[in-house]
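In the two assemblies presented below, chain A is common to both, partnered first by chain B and then by chain C.
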Partner chain A sequence: MTDQTDARLIPSFVEQSARQRVEGMLDPGSMRELLSPFDRMTSPWLEQQGVVPQFDDGVVVAKGTLNAHPVVVAAIEGSFQGGSLGEVAGAKIAGILELALEACQLGTPTAAILVLESGGVRLQEANLGLAAIAEIQSAIVALRQHQPVIGLITGPVGCFGGMSITAGLCSYLLMTREGRLGLNGPLVIEQEAGVGEYDSRDRPFIWSLTGGEQRYATGLVDAFMGQSLSQVRAAVLDCLQQGVPEQFRSDTIEASLATLGQVDTEHQIDATRARAILTQEQPS
Partner chain B sequence: MDTLLFLRPARAVPLNRTLVGYVGSGDLEVMIDRTDGHQAEIHIRTSTQGSEARWQQLIERMEVDHPLPAMRMDIHDFAATPGVIRLRIEQALELALDNRGNTHD
Partner chain C sequence: MQATAQPKVNWHSRRQDKHRRMAALNDLARGSVIPTADIKAALERLLHPGDKVVMEGNNQKQADFLSRSLAGVDPQKINNLHMIMPSVGRPEHLDLFEKGIARKLDFSFSGPQSLRIGQLMEDGLLEVGAIHTYIELYARLFVDLNPRVALLAGFKADRAGNIYTGASTEDTPALVEATAFRDGIVIFQVNEIVDDVTDLPRVDIPASWVDYIVQADQPFFIEPLFTRDPRLITPVHVLMGMMAIRGIYERHQVQSLNHGIGFNTAAIELLLPTYGESLGLKGKICRHWTLNPHPTLIPAIESGWVESVHCFGTELGMEDYIAARPDVFFTGKDGSLRSNRAFCQLAGQYAVDMFIGSTLQVDGDGNSSTVTRGRLAGFGGAPNMGHDPGGRRHASPAWLDMKQDDSLLGKGRKLVVQMVETFQDSNKPTLVEELDALAMARDYKMPLAPVMIYARDVTHVLTEEGIAYLYKAQSLEQRRAMIAAVAGVTPLGLQQDPQETARLRAAGLVAYPEDLGIRRSDASRDLLAARSISDLQDWSGGLYQPPAKFRSW
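On to the complex of A and B.
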């Protein structure tokens, strides 16, 4: 018997596989996975390049209900190819979002939950991955007019590249302390800017700039949540109840650009200064 | 990447469709599906080249402890060690042969 009151025994959402995350999120018995692994829809491109494929191509998509509200869920498996998106994986996410949009137009309000755990475009399928991410983004922009599109970044991989732009389009974006959000991953920045500017092995430094706590403090995400399944589920339900927001984060792009335009790039930036710049407050 | 196929004589028994593991570093996914035939078809894609003899031995040693059911087994291996491979295959067989049923039906 497990003791539900002992925090050490409660499974962390961060440690779960994509399929376990979807199962846990939805009401018991309501999950209907589309294009399941048994449909064997693998990437046609990885094998040609000598890379072992995965039966679900690293993405789990399902329909179901969350507290009786119809939802679709797409979860990326960060362990497979760094959660990168190619033709099949990307089409699965775009397709499930388009299904939700169709359901909304036919009179069944259906929200979407995206568990983003991705390094971005899968380099072995570069152009097809880019096209798929563009399809995901236009599907989010269409669906968010009807129902909330809720993005979760819980870690351990984080959300980078084209999928970080996708995250910015969501109606609501939620993060845990373990999650990271950034356009370029730490190694890429180190290669471009030099180790003196950005040391990708300095984990406290990396998390202080791109981790969930910092992203929440700088207003780039809507909620900072705990790591257990019940905490994640409660945070998602909260967004679901708030409905379609009056203004989307991506509508305020002019103000964000103006803020960035004022940044003094002469001096090395740190977490405190980044926070001050993005919240327009003076550092203490 | 190597693609291997092993065909072994097997007994026909009721099976649950099963999937365990994932294609991450040092791990593998094992999928078991039903088949009409009377043999165990084991389809392997592995990132470890030149490992055919090792897989052959692993399957032969498994058969000593567990008579294989008639099935189609697919393995996607991403450089897992023999110990991990054996555990994953046993995990998949246990779920596939569990007569209390399985969620993947």
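On to the complex of A and C.
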């Protein structure tokens, strides 16, 4: 390319692969990938079910530094099996978090960055996937006492199922406008509630309820970022500098439950009403 | 001969007939305006059984209120109509035949209704006059298919009947011309009727060509058909795009062109500002375009590649962007796009260096077709642009580059490029022994097989394996070997003789990526100037407003 200065040609963070995201996040030259594709740690279950496995099982984990601060990064590759987590993929994330915890305990404060691009548990590995996600969650709860655990949801897949609960445990959660966060994915809700209530093909409607802008406005995430690598990196650095928060979002569960209790299910909820309820700005 | 025995000839029968029909509407219409609720009664009075009726159904402007109303008339009163339709896209278009209101159909393209047309033919309810290309159908309107009535769509009208078509002018001028000046009756549905001509953004069709206007019960249907989401462009598309730019656009200095609507050509559009730029080709290729305003063309326009674009129709979401780039697009004094399918098809046929597009099947000789068995999809415009027009006389570097000798009596050729992956999504080979179109012709006893582009017009076949420079073939046998050499592991490709393929590559008749200096591993999505709809919107400075179905935010 002759015109190196044209910023419009640089891929946004959203369009990058998991490995590109990890590499871009870390200080140049500092990335050390663990269990890389050359280690061929693949899922033992997929092939038996006629699914072609991937040598990294769809998760990239690495150690490195961010502005010279030691960090571990785990990024889920949304284009492999919808970012679903099975035995190996889940263990890689839990393992890297546990390494960070060990490092903290041994005197090297090490933060964690999780790039969450996941439909949740990998159905082909059901129980093992569930167990792995539980391990990830315990590791986050242990590590966040020492160092920030920063979750990113940038899209295009979004973060659903068990991983949306995981996202709620992070010290900080950051989203872009293309990111979505929800317990059930749109197709599942449509199947359960009916297309009249939740049309999964009505994209502006889906994003108005679960998209990054709405999640930020309703206080469920801590920052609403731009989509370029530099903007994402700056938002992460900001959290790193803030350090361990005084209170975790998951500690305020009683207040959140009380708010949910006020929801009047007689009426179809929309984005505006959801904001009003969650921010308690006007009683409804 | 007795001089006094001259029979008295009525030279005014068509005009008198028109006036009689219109007189029947005196108590219904207020001037030119037919009240919305009275449209069915009006159609029943204006139409006679057996009339030739042209109905506007385009890609992006449907006279759907009029077609729904026509499908509701009493078949006892109105029947056996002969419908002439560029595009048969809506279910009610075929309800007309099921109910007996219409009987005969001349058309160009049927898309989503293709299966039902075949069924209605088998049931004996629909008789096809002929399946045309677009220009061919417009041309016949002026010869033996003069319409008695034209049912058309516009965006706005004033009370006198001046019409603003909106950015999708599409077929309207051609259909009106053939009707208005042959004593036919011209009826427009519009979304809105304003009081005065000064309330219209501009006049696309003057009131003196129009007999009636009616306000539709809801705005006409429009769908974004030409938007390709860059997220769905694969590394294989990128590789093929690089080969096209290197091995065809650059080699033959293609300056004016039409692109099909597939992901392959969308990839090329997105590679111009990156890969094309790195080859130093800006200003040397791809300067003038005839195509719909593809959103994937935005990065090339914004980085200065594109001097002009003339459009068949518009594309939803592109309105503000086009209006802000009048140096590139054809626009009216009001600033909005003026499209025109007939002129754009002519431009694509006669004035461009190259047509490049995808297809569903290519046979060993290079004939191609988009027909799949049982579906009568029609031709649309691809055959107009995808052939070498014998009437062309002006030279351009690319056109002359196809000339095989220095004879002053020889001519150049238009480049007609078929760009296909060797397999379709469903693992069906694209390169086949025999086109499904032949079985179709036998099934329906058609006089000729529905071939989209004939082998003799195709100059290049480009697959992910390589490029076959068919215009250089010395014999039919050599031509078949060239196609087999790029047919990969399809049954056709497995027949290739490796030694013959090596000879063809050495002679420059076939080029693989490495022959063009392209490393397959370089073909990555990172080369695309935009990788998502969101990127396209950013390139447009926020002017492009993607329709809801393409948004992911």
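We adopt the following convention: the second predicted complex is superposed on the first by the 275 of 284 C-alpha atoms of A that agree within 3 Å, B and C clash if a C-alpha of one lies under 4 Å from a C-alpha of the other, contacts with A are read in each partner's own complex, and residues count from 1 in each chain.
In this text, a contact is a pair of C-beta atoms (placed from the backbone, for glycine too) under 8 Å apart; a residue touches a chain by one contact, two chains touch by 3 or more.
Everything numeric in this text was worked out from a predicted model, so none of it was measured.
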Could you say whether A:D251 touches chain B, chain C, both of them, or neither, answering first, second, both or neither? neither
Chain B or chain C, by number of chain A residues touched: C
Is A:R203 touching the first partner chain B, the second partner chain C, both, or neither of them? second
Considering only the touch criterion stated at the top, classify A:S79 as touching first (chain B), second (chain C), both, or neither. first
A:P37 in the overlay: touching chain B, chain C, both, or neither? Say first, second, both or neither. first
Taking the superposition on A as described, I'd like to know which of chain B and chain C A:V52 touches: first, second, both or neither. first
Identify the overlap between the chain B-contacting and the chain C-contacting residues of chain A. none
Which positions of chain B touch chain A when the two form their complex? 1, 17, 19, 22-25, 27, 29, 31, 33, 45-47, 74, 76-78, 104
State the interface residues of chain C toward chain A in the complex, per the touch definition above. 231, 273-274, 277-278, 280, 299, 302-303, 525-526, 529, 531-532, 534-535, 538-539, 548-553
Per the touch rule above, chain A residues touching chain B in the complex are 17, 36-38, 47, 50-55, 77, 79-81
Inside the complex, what are the residues of chain A that reach chain C? 1-3, 6, 8-9, 11-12, 14-15, 155-156, 177-178, 201-204, 207, 211-213, 227
